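Order of writing sets the chain letters: A, B, C and D. Residues in each chain are counted from 1.
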Amino acid sequence: MTSASSSALDFAHSPINQALTPERKIELFTQMVRIRRFEQAGLKYYQAGKIGGFLHLYIGQEAVAVGTISLGGANDHFITAYRDHGHALAVGMGMNECMAEMYGKQTGCSKGKGGSMHFFAPDKNFWGGHGIVAGQTPLGLGLAYGLKYLGREGCCLCYLGDGAVNQGAFHESLNIASLFGIPVVYVIENNGYSMGTSQERSSAYNGCLAQRAEAYAIEWDVIDGSDLYEVRAKTHIAMERARKEMKPTVLEIDTYRYYGHSIADANHKKYRTPEEIENYKQNHDPIAVFRRRLIAEGVMTEELATTINKDAATEAAASVKFAEESPAPTIADISTDVYWESDNNTPASQIGRHFFND
Amino acid sequence: MTSASSSALDFAHSPINQALTPERKIELFTQMVRIRRFEQAGLKYYQAGKIGGFLHLYIGQEAVAVGTISLGGANDHFITAYRDHGHALAVGMGMNECMAEMYGKQTGCSKGKGGSMHFFAPDKNFWGGHGIVAGQTPLGLGLAYGLKYLGREGCCLCYLGDGAVNQGAFHESLNIASLFGIPVVYVIENNGYSMGTSQERSSAYNGCLAQRAEAYAIEWDVIDGSDLYEVRAKTHIAMERARKEMKPTVLEIDTYRYYGHSIADANHKKYRTPEEIENYKQNHDPIAVFRRRLIAEGVMTEELATTINKDAATEAAASVKFAEESPAPTIADISTDVYWESDNNTPASQIGRHFFND
Amino acid sequence: MSRILTYREALREGLDEELARDPNVVLMGEEVAQYNGAYKVTEGLWKKWGDKRIVDTPISEAGFIGMGIGASMLGVRPVMELMFWSFHSVAFDQLVSNAACVRYMSGGLCNCPIVVRGPANGGTGVGATHSHIPEGLFAAFPGLKVCAPATPADAKGLIKAAIRDNDPVYFMENTLLYGTTGEVPDPADGDFVIPLGLAEIKREGSDVSLIAHGRSVIQALAAAEILKNDHGIDAEVLDLRSIRPLDQDAILKSVMKTNRVVLVDESKPFGGVSAMVAMLIQDHAFDYLDGPIKRVCSIDAPAIYSPHIEHEQLPNPRRIVEKVLSLG
Amino acid sequence: MSRILTYREALREGLDEELARDPNVVLMGEEVAQYNGAYKVTEGLWKKWGDKRIVDTPISEAGFIGMGIGASMLGVRPVMELMFWSFHSVAFDQLVSNAACVRYMSGGLCNCPIVVRGPANGGTGVGATHSHIPEGLFAAFPGLKVCAPATPADAKGLIKAAIRDNDPVYFMENTLLYGTTGEVPDPADGDFVIPLGLAEIKREGSDVSLIAHGRSVIQALAAAEILKNDHGIDAEVLDLRSIRPLDQDAILKSVMKTNRVVLVDESKPFGGVSAMVAMLIQDHAFDYLDGPIKRVCSIDAPAIYSPHIEHEQLPNPRRIVEKVLSLG
């Protein structure tokens, strides 16, 4: 939200941030820049007709994915909605497989079957990329339940939007999370709007959306999403509560998206004032804020920041080239990845008819 | 709940109760007795194999339906779940059509098509009787929305169980109710158990279930369901808030069921102690409490109470006879009440095939 | 006199006329009011009719559709938009338990005059969770009615019939048709309503019956042109328009004329409207069939995203032509 | 050696054996643990296996089924009970969007080895919202598997196959079958697993094929006795057992032998498994059919409550016999 009041506290001094080496800080900055450059390239080629379906840009929200995911260890897992590019790059997915996915190519992370809304990298503990609003919230619960069941000390960060909080599945998940003691952290990325509808027009609440957690005796907190240090400091507490105490948390991270809901959204300057957008860009841009911060800390120079920016743009351009040159799926590819048994040609897959073409 | 602490306040003196004439008080007592006698007859003939499906008895909860529905005016509407006999009789449905419905006869309120879980009387502002847990909660919202849309000053009382609060549809309804200013009052009939699961094992909450309303900035209250006066006094406030201020309320009425979840529930003495059941019967039975009260007030004599009891038993027995002697639906009846247009033999019903038998 | 309108405009005109005709008609859904609709079907209606008649809802499909059902029992006539019909999955209980059964379970005491409308189609690169074709799914529930217009005139005529119908009608549109154009009668020439349950021959032919609904009609018409021009085969194209009620007479009449049938159905092949139509044809026109009824459905997998290949998963003129030629 | 077990006991034995075989198998659902299951299928399992393996859930089908799907992606193998399959309606999105599509949308990176099980049938006086027959509904979604055993042995053999399958399997039981008995092989004689996708001839015959699944198999067998004794007609009864994968070969083989087909399907007639089976038969055995394929389905209305008439809405021996006799 534009109204995110600048915090009085300085989270740079939180232990979890003090533990950051200069290299790691630069890495986090670089990740945010890479997300932005990647998406700018995506936007360009979406508008050129190279990418189909919807394109939901994360630009403006980068500190949320990068800050929270930077806290993840080997047993921490992540799952989000359709606005998933930031999370994908933050968990370590390459620009190539992400861009190729948007291009609908065989080399895409989902072989061109999922598209922009459905990036996956289970090897990096990233479970998508989901198109049905709040449909991922019980899955996030399940990943965390799975960790507990399998005896692994970890948690699941499950992201959702400010509009998604009004889906029933989310509430069912909260009750179960609290009742069963599931190590899940729900992260509401509150960018103030669900499509063209402001938070006030879609949700009834007391104080803030995260406060709904009280209904289930769940801890909650509100975070300024433009400050990567604050995101890390507060999310760390929630993750530790999950990992050590097997207790869920609901975090609401105030943030903003610069573009429309998706690039098909031609209205976004109607339901938001130009001043609102401009104010966020000027005063709350997470990349600009962290850049100033690192320069002030003496960790990064202007030159380095410029180089990082240029490198990210180059990397993004290379991913476009990779995507362009990759082969498209064939008609035969339509029929794979439907059944595990069929893909693995198991005895079970040989018995009975599985597919009903003709 | 058994732990329902006996209230320090005496709600007999609330204006809404002071306005009750002696005749009306006796009528309310009579209604509760009639519900109990009706269900006892139903139980007997269910066990004799005359009634099919499930039988969910309301016995122990009578003051909730009778107390709340006694407050209804011409534009107040009611909708509940499958445990619906109490509400049905309280809105003024006859024992005959209710018993015949359980018997699956043509003379039943739903022509034998709905059964015990699906009593309806739209002419008495009663909209069922619904089998899917919490499935009725958006419908109740809609009835209240309809009142507002049509410009009628009234409200909808929508009943649900303590287990039903964990269904997503209920939460979606609460958000919309608050956001749109809908005159709906949700009444959680908290009998402590959803089937064999105690409230503590099914719900995470702060303080009480009704408090979940705070998440949506909705007013709430908790009521001792064994005291008809308290039920009326507090529900009246919520109904007035709805009618005059277009604001929803969530009420939690503590109550208890004497029998199992349904009569098929053979376990109910396992998940509840005999002491717990006995304590409620002895100290919190809504009929016994109100009976003592009316006698103490000098409104009713022991003799009259006995007569009322006997008359109710006689009426219930007559309804059994009515049901027994009524005709069963025919095969042809299976195919009516599917489409309004077909039932009314309209031009629309003549075009194209509507039914696909053979 | 008729005018050329887009499918979107025709729909909007139908909605607008019904809003004017009956003060109890109310449109609701996500982004339908202030945003003018995700696909602009309702553009301008909020400005014209205001907050009471055109209602923006939260992203709570079970909540607001259930609300519409409840209100309809009281006499309101809600027309509810699903931004995509695919989102039926989160409102399924309200759609198939409450709307379809409340009349029956009450022995005819409750009515449920609602319309639920929105696009239901593949072909736009939105992937498996946004590309459902649920006509057959809902037509399977007695108590529900389903239609799927293919042209602007049908869209207008059928939406008006749907709104006036006193039963729940699930109305399936198509994002790929919204921009297509066609003749629509002028309102000045009278109220234009197309009853549910009436199929239409969109192209006369004698050699083979292509039976379809929704955008598959357009694909079948394109295939028919190719069949005519390149192969001298004269295909009849029958547009079902309405799935339930279903114009069985028109189906059988066409089959009895051509004796050969290819059903075109964007549904996945297990089930779908086409399996039911095939069942009916072989049951009622067995002796008129020269050979088995064939189908062109979507290839049997969740909807693929890739724009390079998605059109090959769907029925398209090439696949239809190949199927007709394979009849031998 | 085999023993006589009830369908319920056979299922329970299958669940118990799989719990013992694989520590990642976990049962969850409403009342499955402490209450021993609403229909006592899981009786004794909580006592034996404890809180971790047998989990009571709140009445939140979307929540706990979605939870199971999420956990399955991580390697847990949840077997989830729907107290009635009818309650699929409140969990539909998790069942058909997440479980059916997550493998596809991830290009094969995610697996979803879940089982969802519970009773799916009419005939017990529980009315329209509790009597769904959703085999065809779910089989329509590529990515899902569906089976519906009719006997105790099949129930045990198939539940074990379902739990070991690495794809989502929706397992439809029947409250009216839970108490029926039949021979089930002794565990001492080895692991008894029946693969999905294999139909079984439950009665050999030469005059007509009755093709069914679930309790309709029992009804078809009863009808076959009457047909034999009273009419000298020798009916073959083919039990599909598994709906997807489907044993098309067994279906065609039977049809090619008898040349006459009556499908028995408790589903409502618009769609259902039987419409799909009819489509396949006429497509692949057209020249073997002496006449149209006929069906006996439930009468086309929501499920009626009245115990006096409910059995007449469902396929029953009388209706099946009449249909066979009508073949002429």
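Just so we're on the same page, a residue touches a chain if its C-beta (ideal position, glycine included) is under 8 Å from a C-beta of that chain, and two chains touch if they have at least 3 such contacts.
If you're wondering where the values come from, they're calculated on a predicted model, not measured in any experiment.
Distance from the centre of subunit C peaks at B, each centre being the average of the chain's Cα atoms. With A-C and B-C as the two chain pairs, more C-beta contacts join B-C. Mean C-alpha positions place subunit A and subunit C at a centre distance of 36 Å. Centre-to-centre, using mean CA coordinates, subunit C is 31 Å away from subunit D. We define each chain's centre as the mean of its Cα atoms; on that basis subunit A and subunit B are separated by 45 Å. Centroids built from CA atoms put subunit C at 40 Å from subunit B. Counting partner chains per residue, subunit C shows two or more touched chains at residues 58, 60, 62-63, 86, 89-90, 93, 97, 104-105, 127-129, 142-143, 244, 268, 270, 276, 283, 294-295, 300-302, 304-305. Each of the following residues of subunit B touches two or more other chains: 110, 112-114, 118, 130-132, 135, 166-169, 172, 175, 179, 201-203, 337-338, 355-356, 358. Residues 86, 88-90, 92-93, 96-97, 100-101, 104-105, 127-129, 136-137, 139-143, 244, 267-268, 270-272, 274-276, 278-279, 282-284, 286, 289, 291-295, 300-302, 304-305 of subunit C touch subunit D in their complex. The residues of subunit A lying in touch with subunit D in their complex are 77, 79, 108-114, 118, 120-122, 127-132, 135, 137-147, 149-150, 168-169, 172-173, 175-176, 179, 336-341, 343-344, 346-348, 351-356, 358.
Residues 51-54, 104-105, 110, 112-115, 117-118, 130-135, 163-164, 166-169, 194-197, 201-203, 267, 271, 328-331, 333-335, 337-338, 355-358 of subunit A are the ones that touch subunit C when the two sit in their complex. Only residues 24, 26, 52, 57-58, 60, 62-76, 93-94, 97-98, 102-111, 113, 142-143, 145, 161, 165-167, 195-198, 242, 244-248, 276, 280, 283 of subunit C touch subunit B when the two sit together in their complex. Residues 166-172, 174-175, 178-179, 201-206, 211-212, 214-218 of subunit A are the ones that touch subunit B when the two sit in their complex.
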